[in-house]
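Same chain, two partners: subunit A is paired with subunit B first, then with subunit C.
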Partner chain A sequence: MKHKSISYAKWGYIFIIPFFVAFILFNLIPLVSTFYNSLFENYKGRGGLVQVGPNFIGLDNFRTMFAPETELGKYFGNTFVLWILGFIPQIFFSLLFASWFTDLRMKLKTGAYKVIFYLPNVIMAAAMGMLFYTMFAQNGPINSIYMSITGKDSPYMFFDNVWSQRSVIAIINFLMWYGNTTIMLMAAINGVDPSLYESAQIDGATPSQTFWKITLPLIRPILLYVLITSLIGGLQMYDVPQIITKNGEQVQRTSMTVVMYLQKHLYSKNYGMAGALSVILFVVAAVLSLIVFYVTTEREPKKKVKKGGIK
Partner chain B sequence: MAAPVDAVGEMSNSKQLLIRRVISYTVLTIFAILSLFPFFILLINMTRDTNSIQKGFSLVPGSYLIKNFKTVLGKHDWKMLSSLKNSLIISGLTALLSTYFSALTAYSIHVYDYKLKKFLFTFILMIMMVPTQVSALGFVRQMSDWGLTNSFIPLIIPSIAAPATFFFMKQYMDSALPLEIVEAARIDGSGEFRTFNELVTPILKPAIAVQAIFTFVSSWNNFFIPALILDDKNKRTLPIVIGIIRSADYASFDMGAVYMAIGISIIPVAIVYLILSKFIIRGIALGAVKG
Partner chain C sequence: MANLKKLLAGAMALCMAGAMFASCGPEESKNDSKSGNTNAGTNDNKGGEEGGNEGGNEGGDAAGDLKEEKLPNIPQNVEGSDASKKVLKIYTWNDEFKSRLRAFYPEYDAEKSGYSIGADGADVVGEHEYLKDGTEIVWVTTPSADNAYQNKLDEDLAKQADSDDKIDMFLIEADYALKYVNGPYVKPVTDLGLTDADLADQYQYTKDIVTDSNGVLEGVSWQATPGLFAYRRDIAKEVLGTDDPTEVQAQLSDWDKFNEVAKKMKDAGYFMLSGYDDAYRTFSNNVSHAWVNSNYEIVVDDNLMKWVDQTKDYTDNGYNNGTSLWDDQWNADQSSAGKVFGFFYSTWGINFTLAGNAGDELQGQYAVCEGPQAYYWGGTWICAADGTDNPDTVADIMKALTCNKDIMLDITKKTQDYTNNKSAMEELAKDFSSEFLGGQNHIALFTAAAPNIDASKAGPYDQGLNESFQAAFKDYFLGSVDKETALQNFYKAAQEKYPDLKVAK
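Now for the complex of A and B:
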């Protein structure tokens, strides 16, 4: 491994060029230009008839963004609420199912369940949103089941109330992601040294003791990883609420997420504000990503020590 | 003697185990039904007409499958067929380019030693988590400056730089591509590029296949960027059509046709998933352990 000849180094550079050319052209330059745009007054006034700017205005767009009447906090709040409503059941059931699937004593047949649980994750989020919208609509199947069970003769308007609308979005997010999280956590639990479980079994530990005292502490780094990557994913939430709430306007924008708000500015060519919002979003995502980065790189050395120990 | 005591302990243990298994299977089955229920409704309602759909929920399929399909194809403002074709072209090419160049990039980091290697590797890991939406403004404006609005290029070519796919490939190489193979090929006089194409890619086949599926699916489902790039009726992808169906006056729609349109967007991917599911699920687990 160490006697690699230096003369091959140029091939290393050649092979990595396409990645960086594509990255610079389609990611880096647009990112810089987005940041640059945030410093300019640039929008279409009077319903798109009059072009204002671009005029350099420094940080004024950020001042407008953070002004109370912009209600940026509301959109971040909506995003967080929609995320946490889906994430709490997701992490709960994923942990439960992952510990069942890996239980050495129960020996469950898991194959079909894993396939079914993961299925919604490959489905187009926009189509999932549309499907649930039709299902929960005024004269949709859920309401016909609801009316026949409760005997009421008027349907429940799921998309006229803040929390029922948010719940439908959270249910979709939950359904789309719990299978993925279950499989990730299963892999994490399978990575735990099996001799720990064997000795716990010999010592007569109950399943719940095994879970709280062995599984949970040992998979904590992966749990943290799941939490933060899910939070970053949640920050980008767009497709499902966009479809469900018809571009966010439904129920006084109580389910409009940050990215939906960004899309609104992009769509109406409100470039200055869209730029400022992008920068804010970038900073939030970057902070979260740095945490992930440290969490995952911290895990590496530990793994190596463990491997070495076994050998 | 200790034997009877043990036997009793064993009994209550196995009884407990049985109860636990019954509970587990019951809960798991409830969740399996919950996960499949929306798709079940979709399949049933794809075969019914608006009247019967609005009358209520049914467990029995109707006889309108073909008619609904024809209605969807006949809707000129939806352009379902050309959108399906566009989605296939974009997702297929994206999967191809993304996996090939990610493997090539990972190969560069895995096999060669050069000055910037460590820095570039760390850099790619750092950009992995940056959401695409934050550069969307600059991206959309730049593409329109380059005359690429309504072109598929902005949706395909950027996938050459796919940090997550790269990372997966790199992890796979660490466990499945010994450097001795590359060195043996060198001794045999194989050029570096040829070694990668003819010797290395076959070894990477499982990783390439898994990532090709994931990339295809995420491109197929992508809504945010395509909706900003494509506004020509004939250039739309499926998620954009779904958005248009939702934005239009929903109440006046033929509901059977709406379900059919959702079905056309969902079913191809669902079928591919079910065929390759074992493979895919192993792939997620692989990414999870390493990731």
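Now for the complex of A and C:
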């Protein structure tokens, strides 16, 4: 039979071994041990001096997590609110810029813009957080502008009010990620057959009609992909709100995300509770990932049909 | 091809399964060793609780302050290696002790270490630092924010008994000193050869904080940290009509008078205090019981609730500027642009933080007085790590920096830090004049305040609880929650930090 193809296949497997080794070492083993740890009482007592546990306590950690006084739903809610506040402007501007930049009639030179839009993403999230914290601080530049415009003699305390604090976090997330999304959507729009636009234009379609009737439906799978990956990323939001809210305590924990709450349990190395929360987080992220999986696999049969049609 | 595929898939599956088993293997053995410790730990806890209960019964129904039993030191299984014997490994969270050691320890080899003081006042050293006998000094510096320093210290000290790379010294702060003092990792000071005569001139409270449950001294400090109220002379003249410390003190001598002055300040367009936490230490140091009682329950002292009420009043009336400790605005409030009358500061705060923030414009424009209540704030202690392989060097550093009167006089003269030596300080107090404080002799005030410090209510959980308390009640000051909710939020945050603490019912 085809002996040569056999030897090539072997190399293929050998080449993917590093991935599997890394996956097992750094993903699978920690994952399994997280599940395992979540069933134990395991923390440092006496302020960190004495190891307490691990004592097997079954699902007690989960019971505590879901107890009403833990308010786990609040932290998931905060995370969602912070994410959606950043995501709405992000997807709006990304779509706008992506459709402008790919519009052949506008003849824009986009190289420089792409780099500039992407730049905020290169800066470390923590550094962005610090920068905005200083800008919006009591004696920061935003407040001196605010005071000189309104003539008030006391500054607006951005970090002492629920929605102003959330908005600052949302602005940072928006600024950091819209460039990334723009570039992804541009790639998606460039993948749309140009002849569709040409024929639409010949038939007298306006730019907004081509956008709503051609571009949007055809990039829908990528849009969904962007939405879900951003949601999963948003679920793990940590560094920006951590710095803006100074450990999340400010204003009744209204900007404390799930991962920030997870960190609270690492103060005394409470691996049991932190493990339980990680498992919950894992389940939520896994459900979202499954959705991505279905969205992306749906695309392939369509493509094949299309290719067949062209042939 | 199909066969090969099967073979490879099979091998892959085996690998995964194997890896899982492998992960289970060490996990189990880890658990074994852990549970060994655990049992000891839980037993000790029980012992502590029982002991506490007994104490509580003697004192009536209410449980007394938490007095944790000292954990027995762990036998050192491994001796320090030769390399470790030539290295003095010191754990710290900032540069304060480093600069003291470099500048004032006579055995420090400045030449070999390349030590000098840079134009900005910061130390400049070479890549390696040495003592004159050739021992290399290795600093392990971890910032204390978010408990990082203690976490690092706990992790490394736990390995000490089985490691041949020994930690020799570490530094601790007042707010969590007792945790280490009653922990199993400290070598008692007397075991190092320091005698009572050596320590006779130190302030009693600096010894009380670091005395373990068996009455053994576990650490020493080169500084005492009585607190004072530092105020702006120009504002005092304008509003109170005088900037003389004695006369200003007369107007601030109790909280009622203090509040009256606060109102005057507000009417004149100034703030009495900068932020919510400014007065916190004056209340938290004058509590009638400790944070945690012998049943491991968190007890909020009435005096802390007084702080809450006062700060709420101040916030509602606009007597403070709504800052938090160490904020940019808080620092800025201490400069000439600030509109704040005064700050509660202890020794290090005046010569280090306040002088730095005030800048050249306010040189000589601050003065200090005792304020409404005596208190202390902060302080750093030196502990010898149990198992140190340089005990003589550690003892010599302790003797030189905390017992040697001449060196301590030198420290105070050069840095204005208030050192832990009664006779030296009393000597200086006779005629000391601080340029920064407009020629005032603040050492005399410190000397008067230091013997009154009572640190008997300090506990091992203070740092985390203080931080959570201030954070939780900020919401109340801002008006977003009521007092009861803020208190519940505090309990919740405290139990997240310390799962072994309970809430008193």
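One rule holds in what follows: the second predicted complex is superposed on the first by the 275 of 311 C-alpha atoms of A that agree within 3 Å, B and C clash if a C-alpha of one lies under 4 Å from a C-alpha of the other, contacts with A are read in each partner's own complex, and residues count from 1 in each chain.
Just so it is clear, a contact is a pair of C-beta atoms (placed from the backbone, for glycine too) under 8 Å apart; a residue touches a chain by one contact, two chains touch by 3 or more.
What you see is a predicted model, and the numbers here were worked out from it, not measured in a lab.
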Subunit B versus subunit C as contact partner of A:116, first or second or both or neither: first
Partner chain(s) touched by A:249 [first = subunit B, second = subunit C, both, neither]: second
Touching partner for A:32 - first (subunit B), second (subunit C), both, neither: both
First (subunit B), second (subunit C), both or neither touched by A:104: neither
Touching partner for A:271 - first (subunit B), second (subunit C), both, neither: first
Which superposed partner A:288 touches (first subunit B, second subunit C, both, neither): first
A:54 touches, of subunit B and subunit C: first, second, both or neither? second
Contacts of A:46 with subunit B and subunit C, given as first, second, both or neither: second
Contact breadth on subunit A, by residue count: subunit C or subunit B: B
First, second, both or neither for A:262, with subunit B first and subunit C second: first
Overlap of subunit C and subunit B interfaces on subunit A (superposed complexes): 1, 6, 9, 13, 20, 25, 29, 32-33, 36, 134, 137, 139, 246-247, 267
Parts of subunit A lying in touch with subunit C, wherever the complex brings them together: 1-2, 5-6, 9-10, 13, 20, 24-25, 28-29, 32-33, 36, 43-55, 69, 134, 137-140, 157, 160, 162, 246-247, 249-253, 264-265, 267-270, 273
Subunit C to subunit A touching residues, read off their complex: 1, 4-5, 8, 12, 15-16, 19-20, 23, 27, 31, 34-35, 37-38, 41-42, 44-45, 68, 71, 146-147, 150-151, 154, 176, 179-180, 183-184, 322-324, 327-329, 332, 460-461, 464, 468, 471-472, 474-475, 478, 480-481, 489, 492-493, 496-500
Contact set on subunit B toward subunit A in their complex: 17, 20-21, 24-25, 27-28, 31-32, 34-36, 38-39, 41-42, 45, 54-57, 101-102, 104-105, 107-109, 111-117, 120, 124-131, 133-142, 154, 157-161, 166, 179, 192-193, 196, 217, 220-221, 223-224, 227-228, 238-239, 242-243, 245-247, 250, 255, 258-259, 262, 265-266, 269-270, 273-274, 277-278, 280-281, 284-286, 288-289, 291
Residue ranges of subunit A in contact with subunit B within the complex: 1, 4, 6, 8-9, 11-16, 18-23, 25-27, 29-34, 36-37, 93, 96-97, 100, 105-106, 108, 111-120, 122-135, 137, 139, 141, 144-145, 148, 175, 179-180, 183-184, 186-188, 190-191, 207, 222, 225, 229, 232, 235-236, 238-239, 242-243, 246-247, 259, 262-263, 266-267, 271, 274-275, 278-279, 281-282, 285-286, 288-289, 292-293, 296
